[in-house]
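Letters are used for the chains, namely A, B, C and D, taken in the order the chains are written, and counting of residues starts over at 1 for each.
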Amino acid sequence: MIIVMKKSATEDEINNVLQKIKDAGLAVHVSKGKERTIVGAIGDEALLGSIPLKAIGGVEKVMPILKPYKLVGRELKNTDTIIDAGGVKIGGNEVVVMAGPCSVESRESILESARNVSASGARILRGGAFKPRTSPYSFQGLGVEGLKYMAEARKETGLPVISELMDPRDLDVLCEYVDIIQIGARNMQNFRLLKELGRVDKPVLLKRGLSATIKELLMSAEYIAANGNDKIILCERGIRTFETATRNTLDLSAVPVLKAESHLPVIIDPSHAVGFWQYVGPVSRAAIAVGADGLLIEVHPDPENAFSDGAQSLKPGKFASLIEELRPIAAVLGKTI
Amino acid sequence: MIIVMKKSATEDEINNVLQKIKDAGLAVHVSKGKERTIVGAIGDEALLGSIPLKAIGGVEKVMPILKPYKLVGRELKNTDTIIDAGGVKIGGNEVVVMAGPCSVESRESILESARNVSASGARILRGGAFKPRTSPYSFQGLGVEGLKYMAEARKETGLPVISELMDPRDLDVLCEYVDIIQIGARNMQNFRLLKELGRVDKPVLLKRGLSATIKELLMSAEYIAANGNDKIILCERGIRTFETATRNTLDLSAVPVLKAESHLPVIIDPSHAVGFWQYVGPVSRAAIAVGADGLLIEVHPDPENAFSDGAQSLKPGKFASLIEELRPIAAVLGKTI
Amino acid sequence: MIIVMKKSATEDEINNVLQKIKDAGLAVHVSKGKERTIVGAIGDEALLGSIPLKAIGGVEKVMPILKPYKLVGRELKNTDTIIDAGGVKIGGNEVVVMAGPCSVESRESILESARNVSASGARILRGGAFKPRTSPYSFQGLGVEGLKYMAEARKETGLPVISELMDPRDLDVLCEYVDIIQIGARNMQNFRLLKELGRVDKPVLLKRGLSATIKELLMSAEYIAANGNDKIILCERGIRTFETATRNTLDLSAVPVLKAESHLPVIIDPSHAVGFWQYVGPVSRAAIAVGADGLLIEVHPDPENAFSDGAQSLKPGKFASLIEELRPIAAVLGKTI
Amino acid sequence: MIIVMKKSATEDEINNVLQKIKDAGLAVHVSKGKERTIVGAIGDEALLGSIPLKAIGGVEKVMPILKPYKLVGRELKNTDTIIDAGGVKIGGNEVVVMAGPCSVESRESILESARNVSASGARILRGGAFKPRTSPYSFQGLGVEGLKYMAEARKETGLPVISELMDPRDLDVLCEYVDIIQIGARNMQNFRLLKELGRVDKPVLLKRGLSATIKELLMSAEYIAANGNDKIILCERGIRTFETATRNTLDLSAVPVLKAESHLPVIIDPSHAVGFWQYVGPVSRAAIAVGADGLLIEVHPDPENAFSDGAQSLKPGKFASLIEELRPIAAVLGKTI
């Protein structure tokens, strides 16, 4: 930690800062320049976490040196983590496609979806049973009934399933039926939910928040890891920007950044990112080319009648063609789909 | 709802849209211009909520006409709502100041804080027992023990208390001890938590999310109202922008906008907005001048040793002077503090 | 244009709106719903441009139906525009790579750069002679001298050259020496500069502004076109977001959106987008995969000693390998590099 | 300047960094911690400006210690600058109101506006002759003719006048007719225009860019000052955020921050910030309360027929009442209007 003192800082103020750092158990190092005195705190920065250094008289700014995440960072573990989700390996040489409808709408429709996406090359079935909706008057999902249909679809097709968790009270029932627990963008900083995930032995797909930075995403992953669950899959799904031609702005450069910072697999959700099925194909190609470990794509047999997110859902035929279009790009990177 | 058809839309596509609107129970109105055909759906737009109009062939864009919130909007109720929180009226002629430390740190400190802020003119005591922290390694709050100290401080000083809820499983215990339930910015779209609030008869202070729009804030308030609790206080606490000189950017124009759109009281949190105690005074003056119904200010007897948010906490003496500075501005608007 | 009247709008207010639209030469269409009266203005929306409809009593909101750009839009011209820049075709079947240093630093260095990038497969040489710098104390470019070195490099290597225009007074001298005029992100809405470009017969590469929307980029292109120059190349170079791990956030979904909205070629600048040479490779691959018509890449023989943007410049060897990595991805899309 | 080396940095890489800093004429200071080696560069950071430290092998991050602006900063000059604009003092004890139409529309209308706003208490007349418009098809201003009408209005009413400069070629004619040169938000980083202002002896009102930080605003002011003109008035006019209920988001906390960082006067433009006349009053009150040195308000005798910005223009009667409402708030701060 570097503490820059104000030009006007007094000796007493400087000594006060030094004392606090020493009291926390770190060594100090002082450098007096012409314009500023700079204090270095040497040792474990986490020990300083609870000291409001910026509040101390004479302090101009406080600059952390070390990364705030440990368990999910490459400094601790420099080999790529590969996660087994119901038998499918995520983070290795295969680009894993997860596909299915936004919401589970009925038993028949999810079974049909499962057959469709499985036939086209998807390896995991997605489908929401608990739905976060901005309006209380919108369809809120089938709940546990939806989870049961997902499990039935898995039984029939062999595809592991992923579904979203919104409430800590639903964790156990979710674990009963699904293979991957999805945490949505709006819950990326629902810290109690993240902590709760630490107690189960299920892979978690953690979506980046609407206006979260990469550092904040990794800190949320750190919450899950620090509470005991290291099976974490990161997911970029578009961030909020001023652009309105797309639903969100897909940050594909997050993939190489996350790969450099963390050992965890990184998945792209092109559907929520762009919001219109017409653009899902091109950005899926780009996601493969940039090095993503997988895709999470919304596919619906009849988007015009979907209960949610119809505009961004691919029809099964278009999804099948897309997969064929993606294979040669994966091959260029030495991967398979 | 206005549906603009693409220039290239066929008769069949137009008829398909008309049929879907009629099937939903609304009347239709078609206007064929030189460049575009425009379809108006006349009736309750909520009935169209589940139809993905944007997904339908030939549709270029869909423009809602009506506001998506009802219960919290001025169209339904055009008189200002005044909320009684433990005997203090919020939303009326008095500017209500809520003050106290970021976190409850110990029994002694919260009692001292309560006495201090009460003596200076605060009407409600704030203090966090469950703390949302971006790092799993930071102080997470005293939990229920903290709530008990808050209740003790209320007993001694008579100040009603406000504290934050992060988990639906804590709602009952919170209701036992506090007078206002605070929902933090990161939980503004934690829809399950919002729904849960509908079942209790306690005022809720709902903070605007870090990058939420005013419409989204009102939709989250609508969630609480639609589930049965209409005692909602809105709180602007700064939004995320590119500016880093302040912790967030306080959107004071949100006050007149919220007042025009909604009948609910509006409170300003200057401490989280600016992040440095030096700026809390000027923006508090501005908050009163723009017409806010109250302030939520962090005050700490010893900010240098605060467990959280020390840099933005006022010392009791500064807080007392600030209140004196604010009174004449309130008086100009015909209000008291 | 759709004008939504307030619920409280009077007959007089509605009639006033109707009259103004008729006075502007458009037909009107009125639809009275239960909740709102909606007025449609039928005809050329541009005629309404100078009427402040939102300022008129009783008006709640004004929603344009038609796109504000004409000349650069696909509705006017639905075939892809191919631009000839000194003999190189941009927008066709070849992905055009433009490469070179951020700034022209000396005669020797730009000549060396030109030979290097030409040998690796670049088709156009980039180099800044007039430099927009956020600090008045930073290197501001060699000016006309730099342009002369660019022209010399073209003569030797045969590569057409691109350089940035910042001031309308430099347009003529720039036209004398370069093949493409670059307009930087900070000048995307320098409307006088855009107008000036209308009077010359040189291709213009127009960069998207730091926080500009796609619509605003197209409106700026429309400025150039409306003033007489239709040789416009659009360039996405990253937008400002909250993310700080990269210099900007590259919006690759802008490529399919721009392709859908406009007939103009679209180029990606990965170097300014990500800001670190380590990430330039992966996002360049993604740019090709998403369908971009070309790349604008910073390459410097000695980045550690570059006058500007050293951190994001590739060394010649890395640039050469990157081009080889990109060719098979272009091939998947049926293109060459 | 602090340079943090990567954990993996070699001795050679560290020595290379040290050598470069010494070569630039600064002293170095090395601190080897358990996790990182940290290098301090002691001396004038500007000397390091041209060295791309981030590009050097082994460097993890570079953290400047000193502020990048000098002339406009409080460290150089700690007394408030008061600027004389045609006899009106800006930055002192009087809150200066600048008012008038967005565009000069005709001789009669600007004369009428001048009389109106003068009678109500405005001290400076605003009016645009050169207009930056996002569409090439919108009204672009009367040009020099408009400036002449402004000068005539000054002659009749005695009010100094302010108008916008968009093109360096118009600087001389603008200086002939106006008392303050306005630089619009879109030109805040038009560096050639800023440099040009250095050669004249006229006050400049510099507006903050749409998504500019406070540091960037001050760097643009530094451009003007470094080129020879220190009569600079800063203006906050709202920044772009995700909020659409207002045209922009007024950042009132920028006032105390700018006052802490710089000695220059700070003006608020509430009209462009909120975009609707209904909200101009409340935020103007807040601007005075937060400590602004003045206001720039759009007033139009007939907003429904204004050529531009009608929706945000106050009618003369409303403007007159607003001034009366503002006086007692200014009085609370010990100021006059």
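Note that in this section contacts are C-beta pairs under 8 Å (C-beta built on N, C-alpha and C of every residue); 3 or more make two chains touch, one makes a residue touch a chain.
Bear in mind the structure is a predicted one, so any value in this text is a computation, not a measurement.
Engineer: Which chains are in contact with both chain B and chain D?
Structural biologist: Joint contacts, listed by label: A, C.
Engineer: Contact counts by the stated rule: is the higher one at A-D or C-D?
Structural biologist: Taking the two pairs in turn, the one with more contacts turns out to be C-D.
Engineer: From the centre of chain C, which other chain's Cα mean sits the farthest off?
Structural biologist: Relative to chain C, the chain with the farthest C-alpha centre is B.
Engineer: Where the CA atoms of chain C average out and where those of chain D average out, how many Å apart are those spots?
Structural biologist: About 26 Å separates the centre of chain C from that of chain D.
Engineer: Just curious, how far off is chain C from chain A if you go by their C-alpha centres, in Å?
Structural biologist: Using C-alpha averages as centres, the distance is 31 Å.
Engineer: In whole angstrom, what separates the CA-based centres of chain A and chain D?
Structural biologist: That pair's centroid distance is 39 Å.
Engineer: Among the residues of chain A, which are close enough to touch at least two other chains?
Structural biologist: Where chain A meets two or more other chains at a single residue, that happens at 211, 240, 242.
Engineer: Under the touch definition given earlier, write down the residues of chain D that touch chain A in their complex.
Structural biologist: Per the touch definition, chain D meets chain A at residues 2, 4, 7, 29, 31, 33-36, 38, 40, 42-43, 63, 65-66, 75, 240, 242.
Engineer: Across the complex, what residues on chain D touch chain B?
Structural biologist: Residues 211-215, 239, 241-246, 249-257, 260-261, 273-274, 278-279, 282-283, 285-291, 328-329, 332 of chain D touch chain B in their complex.
Engineer: Considering the complex alone, what residue numbers of chain C touch chain D?
Structural biologist: 20, 46, 49-52, 54-57, 68, 130, 132-139, 166-169, 186-187, 189-192, 195, 210-211, 216, 219, 222-223, 226-227, 240, 276-277, 303-311, 313
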